[in-house]
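Heads up, there are several structures right after this.
Two complexes are shown next, each including subunit A; its partner changes from subunit B in the first to subunit C in the second.
For the complex of A and B:
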């Protein structure tokens, strides 16, 4: 949605704000940046020269976890307002340089890291995966940018391929034809680029006769499920698929895990899309997996700060990272493994487990990896 | 102040796998993405910043095939006022490019010509300097700062060994722009779509009254990969293994 000076108060329901402060109270970066959502809503409501507000660096601190909007008793669209401010800035070219590079890379190479498009499916070379164009299927396994290129997350994509093959799932990937879903692009303010990606991807999916999409990342899941205007295809996050495979007897566990596991709800899977049960059901069905629940779980899960374009942002926040706070929570609970189901959570936790020196006390794993380890 | 910026469309090769064409005269380009030459992006941004200060017009100019239009559109989105494209495959001969550009530039008034220091693909760094010679005006290369005052430009040039040269140059002049002279802005897709409506004039060599001389100063006989050096060691394995090997090497070399 664009900022229209005449209507934005109503567009984002700013006039409904009762200044209760619930938004700021729940904000995961309020201690780490000057971002104050309550004040931002109030000042945007009252300030006519809107551009002055948009000069503030803290606009880029928001992770778009959406805790504020989801908790707001009046239904103020805080996160949409923030994305609209970023859109206003992006259209003027005024974005931080690392965000600029991520956006330009996505336009050129189809991924924010600017990695070579032809190498997108290199990770899958030895796995015997069908690729659309050479083969066909009704089910698209949409891998995503981080699982395609990041060596750590490639292990998650590989685990998923092995699980699907093991359970007899017929699927194919797009290979080098796969482009960014645009979820983070929209959140970094590049609405026009998001629209282009959504349009191009939708046309490609329909042309290939795809009937169903499975995603690695909750972020891609969110884009396809909620933000692609003309897609109209069933979309599942892989945790939803795995639960079904386990419950219908297509996936059998052959090994014991033999350790304790706690689970971190990714914002885009949990609080934003209400997928809470499936990851827990998977963990509950793994043999010898002692599940422990953290105090802050489900809707109250603490954002890892990997969303909203923060993967490509530099600075803007200070103090201890949320991912490190989260690792410490898991360690103090006594869990030997912190599991999650999102590439960004996985990467922020992997960084923090090393920087906090806790790598010998806890392992960071994606649920897909735990399932792959115990179903071989 | 009227500024002409000469730009080039180049293939991006930093992350790409490079293969050589069968005739050994060029690299394969069909799997590469193309973009505005990095140096030229800084030159266009600098021209737009100067225009904001002194008013006038920024014209972007390129020699290249139809595909080159996309980099002109990008320059227009960055704030250039109009664009001119000379329809011709991009020659390998830097002086020929300069002569072609000069033919168009000579038809109108201008105060300043900016080019990038060099192009990302051939890296010859000739066009700007040759252009100044052909037009008979002064030039400065590898420029890192421009200050315009009273028909003169005070410019800083980057020299070897971290030295800087401060020059005063009479306008009109050609300056070849070094990266880092400014901070390029993000060019949004919305701005690019809007810029498609701005004027882009397309001309053939015939229309500009130019017939290339023969023989050319430079043609490409052969393209090849650099030979692997004896002292280069490529570590192989998973990232974990590579880091392990690297750490061992550093430990071994430490103190030696």
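For the complex of A and C:
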């Protein structure tokens, strides 16, 4: 895709910026990298030094959490600008090698880790899940890349399958036909690959007669809900589905959780898509689940730094990781479990629990796992 | 009889002449039927331009005039007056708009001239069928309704009453004074708000010319300029004001122990169900709030207030009362609502005790407020650091795009007071300092001298760390992100239209601008008038304003009203609808479609008839009437079709 920095001002409304610094002030990596969104907007507004500007390593530090764009009083599309700069770099082949690998892997194998496409549904083998092609359904459970391949997140996908089966939900998965949703691909700057994925996936979903999509990841939810141009299918994040199942009496809790839980709002679910209540409603309906709210919650949730391609970036940031700050916040609150509802949040927190040596004080769980544990 | 039309084409300097061939247009006009004379001139609206037309009217005995110039909104009345003073009926004029609708929007001279010719041909065709009309005259009621008794309404009411006219002042709250009564000191002079304001509120109460209706709302307005009929509902206070002495014994006796958040104290203190809003309230009477009163809301209470009141003033039997007033003019001064910071959750308002709004700070700082003027945290301690955040809910696409004008100065004034009272470290997070008024920049300098830290960057977020509030922002002048720990955050919340602005606009038939505030008739030249003749605006209901500007606008509204009322009678445009009784079938469709309820049905005759006094000449009845009985003067079917034919020939 052709990218012309000369149209950035018009495309991303840079001329409307009043240089108030709301973006930088609320940026989750403001102390972790030299990235200064306000200055980047200002500098890009004068496009002449653009090529040198775009070479800065901090371009890759942004997590695309979108706090900046959501709060911008002038409606500047900061994150879209940043993705366009990355796109410009990708077109010139000037991307960090690990990002480049993730993009290539997605093209070749349909997932950024480059795991074999044929093994995408291995995790589900013993679960008796319907797979499109062999069976059919109106409801697609779109598993996503991390839940398909990462052993830690496979447990979330498994939990969801068990919950759905338990509640009598008719659904099927795509198996090896499933490809990356492209959400992170777009954020790493490969707009063309994103468009291809969106087109191929849309055609596939339509061909299979899918009427409704459930996603594990808020990132996939975001792509389908907001960025696929021709999809036009109802999409739900699994937390929205679970609330419905609980409220309509299809899902019964049979066990007590017996612990205290706090919840981290994933950026792509919470601040970007305004799904705040559903995860809390689920936790509130789990028996003996003592819910505690963290200081920075909902719109003020601190980004875990797992988004925007940061899962595949090496370095570019320094100092204490946000995920660790978050873990410490949860521990100091007295919560025994930090729950979340996003594969990337889960992975970054799992990492930080270990590196910060707090593994004996707090467990990191996905809400799906907590529901599965208490509804068996 | 053959018509004698004069056609005049204005160059408007080069506004028209640069794009339209005016001489060519004159030649074209001379070919049109009925045209006696056609001329062009540099500026027709100038004295020599008008003289030219007048001379022609008299010497050539013209009986129709077409002016091809700017929009009729600009100069139609100028040329109608010219016709009148030249002995012609002013409704035998038609304006062909070849500026806004032609020269200003085209570049190609040939095509623009062609279009101007078409517009002119239509105008000539139309004017041939125009008829002489006579404006109707009505008397004017020498009395005024002022809606809202904040500083704007009070200023307007006093000015008019002191001029010897009757004013009905309606206030929704149980006291007068509005937001100004809540303020501690006022910028930039630091006058105590109640000290300068109380004499005015007391004057209202004592004025012979002002009928004060508190706890009241306007329900309905009918009629027209000079002769409005207004229905006002007075809601019960459950206290007989003739008996109440304002002693407060009932308040002491009220059994609602925990109380309910006080509106006047912006929720910073609680009040009983029966209460006196504040010590200087006018009128200084107790009122019962039916929401929190146990007897009125649940029917269960010992009614200790009744026992406590020696004057026997408490009256739970009081009912709403609807009264009617006839007034010649109306001033709307309904004020503003402060922006609700819950709508921007990143600031933690409602989550953290010590994140408060600007108005809440005013109550803290006020000597009559909940802390007797001490700046204290919720736990009663003195803050060591305070942050003031500018532009909360203003200049923000996510809330309101408009600048609320007062918050920069209000924040700096509050910073000054906070510094003086607590000695705390004070941070002002701002985007731009809008110190626009007299003495304001000087005040800005003064607070800088006082050692207040100004940080150029909008507060992005508030959270808590180690028990203290943290303001996250960027020092944009250094390019450095900041997280500054403080004990109190004051949100410089902006001014927004009243939540019920849409309903009020409907009641009075006025419009709102894009920002939601009531719209003035012209942003520069008619800043206090509305599109409805006889209805004027004052204060923040028209847009955010500080006290000096509010008082100035209120005085201007009062002057407009007095200028109108002293005329004694008023001319109404004769461009109204009529219904031909011979043709009317009595289907009542027009009654259904008339937006001004100006059509009545006569049962005895079985026909509808227009009340000319109420008709605004919109033409809805003429358009809908299936038997073509309804006709719109000056826009008859014949005239409009002639104009259309002229355009398409």
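Heads up, the rule we're going with is that the second predicted complex is superposed on the first by the 368 of 376 C-alpha atoms of A that agree within 3 Å, B and C clash if a C-alpha of one lies under 4 Å from a C-alpha of the other, contacts with A are read in each partner's own complex, and residues count from 1 in each chain.
Assume contacts are C-beta pairs under 8 Å (C-beta built on N, C-alpha and C of every residue); 3 or more make two chains touch, one makes a residue touch a chain.
These numbers come from a predicted model, not from an experiment.
Annotation: superposed three-chain arrangement on subunit A; subunit B versus subunit C shows no clash, the two fitting side by side. In the superposition on chain A, contact of A:83 is made with neither subunit B nor subunit C. Touch criterion met: A:196 reaches subunit B, while subunit C stays clear of it.
By the touch criterion defined above, A:335 reaches neither subunit B nor subunit C.
Once chain A of one complex is fitted onto chain A of the other, the partner contacts of A:368 are absent, as it touches neither subunit B nor subunit C. Of the two partner chains, neither subunit B nor subunit C is touched by A:223.
Look at A:115: by the touch rule set out above, it reaches subunit B but stays clear of subunit C. When the two complexes are overlaid on their common chain A, residue A:156 makes contact with neither subunit B nor subunit C. Superposed on chain A, the gap between subunit B and subunit C at their nearest CA atoms measures out to 33 angstrom in whole units.
Residues 90-95, 97, 99-100, 103-104, 107-109, 114-119, 151, 190-193, 196 of subunit A touch subunit B in their complex.
Across the interface of their complex, subunit C is touched by residues 18-27, 30-31, 36, 38-39, 70-75, 295-296, 298-300 of subunit A. The part of subunit B that touches subunit A in the complex is made up of residues 12, 15-17, 31, 33, 35, 183-191, 193, 238-239. Remark: subunit C residues 345-346, 348, 391, 395-398, 431-432, 456-461, 463-465, 472-476, 479, 481-482 touch subunit A in the complex.
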